[in-house]
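In what follows, structures are represented as structure tokens.
Here come two complexes built around subunit A, the first alongside subunit B, the second alongside subunit C.
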Partner chain A sequence: MTRAFLSGMWIHVVMFSRNPFDLSGVVLWPIIYASIAYYLLDSKDNPRLLLAASLGAAVMLMWSLVVIGSSNALENQRWLGTLELLVAAPVPFAAVIAPITVASGFVGAYALLATLAWGTLLFHVPLAIDHPLAFAVAVPACVLAIGMLGLVMASTFVLYRAAFSLGISLQYPVWIATGLLVPLSVLPPFVRKIGWFLGPYWGFRGIREATLGSAPWPYIGMSVAISIAYVAIGSICLHYFERVARSTGSLKLT
Partner chain B sequence: MAAIEVDGLCRTYRSRTGIFRRRRAEVQALRGISFQVERGELFGLLGPNGAGKTTTIKILTTLLLPSAGSARVLGHDPARDPGSVRRRIGHVFGGDRGLYDRLSALDNLKYFADLYRVPVRDKRQRIDELLELVGLKGRERERVETYSRGMRQRLHIARGLLHDPEILFLDEPTIGLDPVGAREVRETIGGLRQQGKTILLTTHYMYEADELCQRIAVINGGRFVAEGTPAELKARVLERTVIEIETFGVEDAIVERLRAIDGVASVSTETRDQAEVLLVQSRVGAELVQALLRELDGSRVGKVITREPTLEDAYVELVQTQ
Partner chain C sequence: MRNALRIFFVGGATSYRALFNWISPWVYIPHTLGYPVFEILFFAYLGRFANVQSDKFFLIGNAFMSIAMTGFFGMGNAVGGERRSQTLATLLASPANRFALFLGRAVPSIFTGFITAVFAFTICSLILHAHFSAHELAGIALAGIVASFACTSFGLCLGSLGLRGRSVSLFADMIGGSMLLLSGANVPLDRLPHAVRLVSNVLPLTHGIQAGRLLGGGGSLAQASHLLVREALVGAIYVCLGVTLLRLFEYEGRRSATLETF
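Here is the complex of A and B:
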């Protein structure tokens, strides 16, 4: 199973690297998101706030790349006719799908660092990290949390033909519910409660606290814990949706 | 124990159409088919498009659940115990799809070897053997998008054999291939049969079934209309004579009149270049030629040939009369 997982990640990264459109997006999007953070907030006089905005923009991009990347990858599998072969493989289906979302997560991690780097380079956003060790742990923890939320959502992508459209529409609710787009304090209280169940909420807070705050570890711990829960939920969902797809005969449909 | 046992297998596809007035549509793809495939046998499912061949294979390869009936593959139920079935079978679908185009053949095979749990120490040797078997040795580092259809299809077969499955399911493996490519694929399948692999092959090419299969089931409209060896199926029409009449633009009403002639078993039409060829199966030998030509009086008629029936004639007879 480990071999299938690692092999799947490698295949996904190679496929991604051979698509010029995807590659150019990964280069351009961090610059765009860094610009949004800088110009939208207009807080040149408050470097800490600027850094917080940059972090938010970077995690937004990370989530987008995971949810769009994995939905696009699964839709591609459908078009290539390989989805049926993946379902029919003797390894658990989660071990086939998880590498796609985790590989997208690593692309997202690169985008996070690139967004911060461009912010520093172009707009002089100060990259002063209060807890470097916690930051080094928080980033992979956030990748894991986002990747595993992608796994849960990918189970629905297996069932529906328009996975890519579904992926795009899933970007915004997570941005809002995790407080990436606007502060949660301005939203109704129930939105905050929804955010508690989302990995990116804890992942983002882990990174933010490691950079600007005082106590990053509880958030990082929650991020890892929720990722583990997602693995279990994702495996159950994938098993269920696989059976539904076999029942409806929708695996081959494009 | 047979390698494959199918008993009363049914499958109904349900769909909904319309936005405001939702209408349900049902298509019965399989209507209670039963058959067995013995170990080491090459069994053919022969039928026109939409007959239920692919649906049967999808159920047996665990990709689809049956609506009713049961199936056993090497003693395991593909609906309830898919894991045990998946480890022991290989499946190859015809057509262009099912491969990662941007990767090389070698990368495709390496990935699927990992998915199908081929031991690491055997992986490279197994891939080399299969590349040799399907004639792709030396081309394995090229991207699949540069391959011809025939090469892709042979790569599909190599992929299906990676984990040395006990049963191989081949779903129209030569569809869309040029004659040379199709012959190469048939030679590969023939080689696998000689190695003693159990193979379930679906096709709508008669000569392919005749050349490769030890037993054939003809399927039409989700039901089996005949089952036997190619020789047994041919024997069903052996006492008949086939009269081929080349015509140009014959009306349907005339074809109906030909069918009504005493001694005519069936009439089918086939387009060949500019001409429409009437294939008349006669129960009374060639004596019918004059009667047929009388009915065609006024139509433009070309060559008239009388010949022995082939498996294709048996197939046409079975599919059209059931």
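Here is the complex of A and C:
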């Protein structure tokens, strides 16, 4: 199972890295959102705010790639007629899907580099990381937390033929609820608590605190803890939805 | 002419019905309606945080964005979808009028986009407590119709690329994303660099959004007329360009036998 996960992840990282859709997303989208934030915030007196916006835009893209990349990958399997073969394989289906979602998040980490480079070169955002070691741990922890949330979401994609459309519609709600670019303090109070249950909330705060703050480790720890919880929930959901899809015979329908 | 009209109406209606055979309305409706609602709220709250402009600024800008996206994707996917399902070559072997054929498939999607934008606008107006008079709403609707024409015209240019390449939706996605910034939907144009503003002026939507904001802010039709005329003019130019590209790329696709390449 470990071998299936690792080799699957490697294959999908390579595939996503060669996919123009994902690569254009990696480069273009975080730059667009970061630029909108730069022009709106216009905070020349507070460049650290712009750096936080860069990080938020990059994590936004990570989530988009996970939710869109994994739904697109599953929809492609369905179109190519290989989804039912994957479900029928002796390897647990979670070990087939988890590499897709984690690989999407991993490729999304490229966005971090693109956004930071864009901000530094064009908007003179100072690139100073307060805790480099914590930053090096926070990024993969964030990828893991987002990827595993993607696993929970991907389990529903097994049921729906319109997985890709469903994936696209899940972007903004998570961006809002996790306060990646818009601080939760300006949102209605009930929204603030939703973020606690979402991986990007803890992952982003881990990266942000490692870059700008003082206490990144609790957030990194929460990212890992919530990832473990997602694995458990995702496996149960996948098992259940797989059985429903098998019984309704809807795996092959495109 | 009669045949072209038949293809436009019957072909368009059939392909739209087919969409609902493919996707359950219980999935289609929430995601179609949900996306623009959350997009408007996201940027409106970002604007509040940045203390830039009013909620109405983002409400109108992003409602127009959802109209634009259906214009871009509706036309782009009309051609790209045929390539994906390997029916493009068969379709182009028919004597049907190309413009009627592809526009007929796009118009129902664009109409849906318009309804979606109205729904998202209404919901977000209630959430953000933004109020408009009937006169202002009529003005915004008029600007929306003109912007929809311009965006569909631009979508025709994108759709024609589907005769040459397989990644039209990718291109439409990138253009749509860039419009969030370039069209002034979310950033006041005077905050953008001069060179970027020059690009914004030749894109669809930019003048439509400006007209919508002017009319939505109580301005008269006379005050917004120059913006509406500019938007319509931009749309007319893209229609001419789109029809030319459609003919050119079909000829090239037939000549190089690449219509079925995927």
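Assume the second predicted complex is superposed on the first by the 239 of 254 C-alpha atoms of A that agree within 3 Å, B and C clash if a C-alpha of one lies under 4 Å from a C-alpha of the other, contacts with A are read in each partner's own complex, and residues count from 1 in each chain.
As a working rule, contacts are C-beta pairs under 8 Å (C-beta built on N, C-alpha and C of every residue); 3 or more make two chains touch, one makes a residue touch a chain.
Keep in mind that this is a model prediction, so the values were computed, not measured.
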- Return first, second, both or neither, reflecting whether A:I236 touches subunit B, subunit C, both chains, or no partner chain. neither
Message = One more residue to check, A:G8. First (subunit B), second (subunit C), both or neither?
response = first
Contacts for A:I228 in the overlay, against subunit B (first) and subunit C (second): which applies, first, second, both or neither? neither
According to the stated criteria, A:W175 is in contact with first (subunit B), second (subunit C), both, or neither; which is it? second
Requested in this report: Applying the touch criterion given at the start, work out whether A:L28 contacts subunit B, subunit C, both or neither, answering first, second, both or neither.
Outcome: second
Tell me the contact category for A:V87 with respect to subunit B and subunit C: first, second, both or neither. first
- Task: Please indicate which partner A:I36 is in contact with in the superposed arrangement: first for subunit B, second for subunit C, both, or neither.
- Result: second
Both subunit B and subunit C touch subunit A at residues none
Residue positions on subunit A within touch of subunit C in the complex are 20-21, 24-25, 28-29, 32, 35-37, 39-42, 160-162, 165-166, 168-169, 172-173, 175-176, 181-183, 186-187
The subunit B residues in contact with subunit A across the complex are 13-14, 58, 61-65, 83, 86-87, 91, 93, 95-103, 107, 110-112, 114-117, 120, 159, 163
Residue set of subunit A touching subunit B in the complex reads 3-4, 6-8, 11, 14-15, 18-19, 79-82, 84-91, 96, 243, 246-249, 251-252
The residues of subunit C that touch subunit A in their complex are 22-24, 27-28, 30-31, 34-35, 38-39, 41-43, 45-50, 52, 167, 170, 173-174, 177-178, 180-181, 186-187, 191-192
